[in-house]
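Each of the next two complexes has subunit A plus one other chain: subunit B in the first, subunit C in the second.
== the complex of A and B ==
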């Protein structure tokens, strides 16, 4: 019986599509992202950790500054971006670290898939986790600090900053995945690179909360957009080199 | 080797997408049946025994029917039933004209599975035995 099924298995020709261009590339990007999201919905290991950390940080910052700062909107921009950066690191290091721990990264790289498709699939799932984190953190900040962050330009800045953070963070997560000290290596490498995003994000959020005219704050949005664009192109070109020799 | 939070079908479907297989569902069913995992196909892999995970990993490796298969100590920690499935699979692969390179610590299994057996000592091939030419 078993020999019959085995010989039937090997007797049937297996066809693989070749080529396919951009649509095949996007199919593989989606396959990686969907696999990660499905596994996360079952395990609740990454996004839930980020959300719990983010909410705890809001409460702790709220208690820390409540009695000492005359106006909470003075500290809210910094608190928001610190929470996004620190909670994000928790999820980013798992995106490739989990693949290395389960010995699945080699299997992925052996498949006829461009490494950049794996990177962009991971980027998509990391972006989703970060946006979900922000969805939880913003309303809690509204309650804790009595500051409305649901303003179009603040949300646009947060959106652009999150994309840049996920782009660079996913890249460094791939770079450090095979390192034994990846948990400490990732923030040490990533956070200095994120200084422009952090400064632009905090300045934009503070400017909007202070009621300054938007025309004077557009430059911060431009910095965030240019950062996203530069790292998108740069990472696309160099991500294939990360796994050379694995 | 496989994703423990996905089930057997989801694992193979993911790799079928990576390899861009045509009609992946039929192939996935054939592989899971051959690996004796069809009954547990919707169970999360984290609930599988070590032998079942090993069989699923081998199923993943043969999903796209590669002409050459490298198996690095595939029998480590396997129960007898899983070793029997593995032995039948290697027999079929050999008869089907696929090249299979296996490393194992078990000399008897190596002689049972292989046409040629090489003894590796401290990274150097010490001697080769042509099993088919032996009495």
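== the complex of A and C ==
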């Protein structure tokens, strides 16, 4: 069917703005991310919940392990990564769940951009929320557990792990957005896939805290980077399939 | 009266004869696998006592391993087929593949644990190979839950296919885990593992047994797979008819 009537009304043919190279693509990604961040700054719904949950989790873990472990640095790596994963799930499901709840997903998909631009926009905003969460959690952990996590390799591992987590998490959030019980479905899908990141992150953090030589820990960083890369490529290839036919 | 109706329905169903043959074959194959694994295969010469007895479970462990991998491969074929063709036949194939792969995955974990108790002196340890195998099973369990959560059949098929493609990444990861990381899991074929505990060499009767059990398990897999595939297509037909009725 030709859309003569529609083009007649608008005075010009309707077309998707798919050209323009990398910089145009990045502008579209930024447009989606900026929309999300602006909505978040006004509603203070997602990131604030994640941060409060993260801080609460630090306190709860502190109470759980207080005086029961000889050195708190023995449990801190696990606590850090568990908090990032669990607090992340809270925010990730909202990134598409909120769109479905407000019936704005169709509107977003009608925007004249590639579906992958929408995905990467959401990914950027989720990454920002996760980094803000970590910015709050790390100093509180320093106080509560008397363990300094501000060490370059720990932060690098956290950075790479968060990127991988946000990549997969945003993608699965898009997949589960339309299913019943998406709040409970997302962690069930996401957490087993995140085990390599979790294991590599915990091992790297523990190794650095124990003062082991960095040369023996580089392989964990490589695992994190390879995970990021594999899922970046896989998601880029496959993301268009999620929304066709909706 | 009842016998005539049942016999006509048998004639009308083209699946009936082949499936029955396959069922009988699978039952015989399991008997053959038990005989070969427990009686025909000689004991491993470098092991002793309980370890030597426990080693016989290796044939069933490998049989389940091959069929689980086969199930997950079938799920990838079905998923790619659905994404290219958009026909639910492929999606049902993927679902049947995942279900059987997960079932045999549990068999792998169970036989492995039974073997590990006498050999490693513990049922479970967080070894790389064990961890990755468990994750694979968990990921595919999540796949089944995920399918349940969606009502529209084509949306469900599309999303499940996409997830199945991601899930399959864990299968080669499991395969290479005992080769890449320091693992105590034995690597019997293509390269030894320096840290492995409880490994053994394959003698002639053991090699023959292994081939027999793998073939037997594949026959069992095919029988179960075609039953499930057919059952799912019947289920889908019922759903079609119900939709027609309530229109």
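Keep in mind that, in the parts below, the second predicted complex is superposed on the first by the 228 of 246 C-alpha atoms of A that agree within 3 Å, B and C clash if a C-alpha of one lies under 4 Å from a C-alpha of the other, contacts with A are read in each partner's own complex, and residues count from 1 in each chain.
In the analysis below, a residue touches a chain if its C-beta (ideal position, glycine included) is under 8 Å from a C-beta of that chain, and two chains touch if they have at least 3 such contacts.
Given the structure is predicted, the values throughout are model-derived calculations rather than measurements.
Of the two partner chains, subunit C is the only one that A:242 touches; subunit B does not reach it. When the two structures are aligned on the shared chain, A:108 is found in touch with subunit B, with no touch to subunit C.
With both structures placed on the common chain, the touch criterion links A:229 to neither subunit B nor subunit C.
Of the two partner chains placed around the shared chain by superposition, subunit C is the only one that A:181 touches, whereas subunit B remains out of contact.
By the touch criterion defined above, A:143 reaches neither subunit B nor subunit C. When both complexes are overlaid on chain A, the residue A:39 reaches subunit B alone and has no touch with subunit C.
For subunit A, the partner touching the most residues, choosing from subunit B and subunit C, is B.
Contacts of A:31 after superposition on the shared chain: subunit B is touched, whereas subunit C is not. In the superposition on chain A, contact is made by A:193 with subunit C only, not with subunit B.
On subunit A, the surface touched by subunit B in one complex and the surface touched by subunit C in the other have no residue in common. Here subunit B touches subunit A in the complex through residues 1-6, 10, 14-15, 17-23, 26-27, 30-31, 33-34, 36, 44, 60, 62-65, 84-85, 88-89, 91-93, 95-96, 98, going by the rule given at the top.
Against subunit B, in their complex, subunit A makes its touches with residues 2-3, 5-18, 20, 24, 27-28, 31, 35, 38-40, 42-43, 102-104, 107-108, 111-113.
Contacts from subunit A toward subunit C in the complex involve residues 175-176, 178-182, 185, 188-189, 192-193, 195-196, 199, 230, 234, 238, 241-242, 244-245. Across the complex, subunit A is touched by residues 83, 131, 135, 138-139, 142, 145-146, 149-151, 154-155, 158-159, 162-163, 165-167, 169-170, 173 of subunit C.
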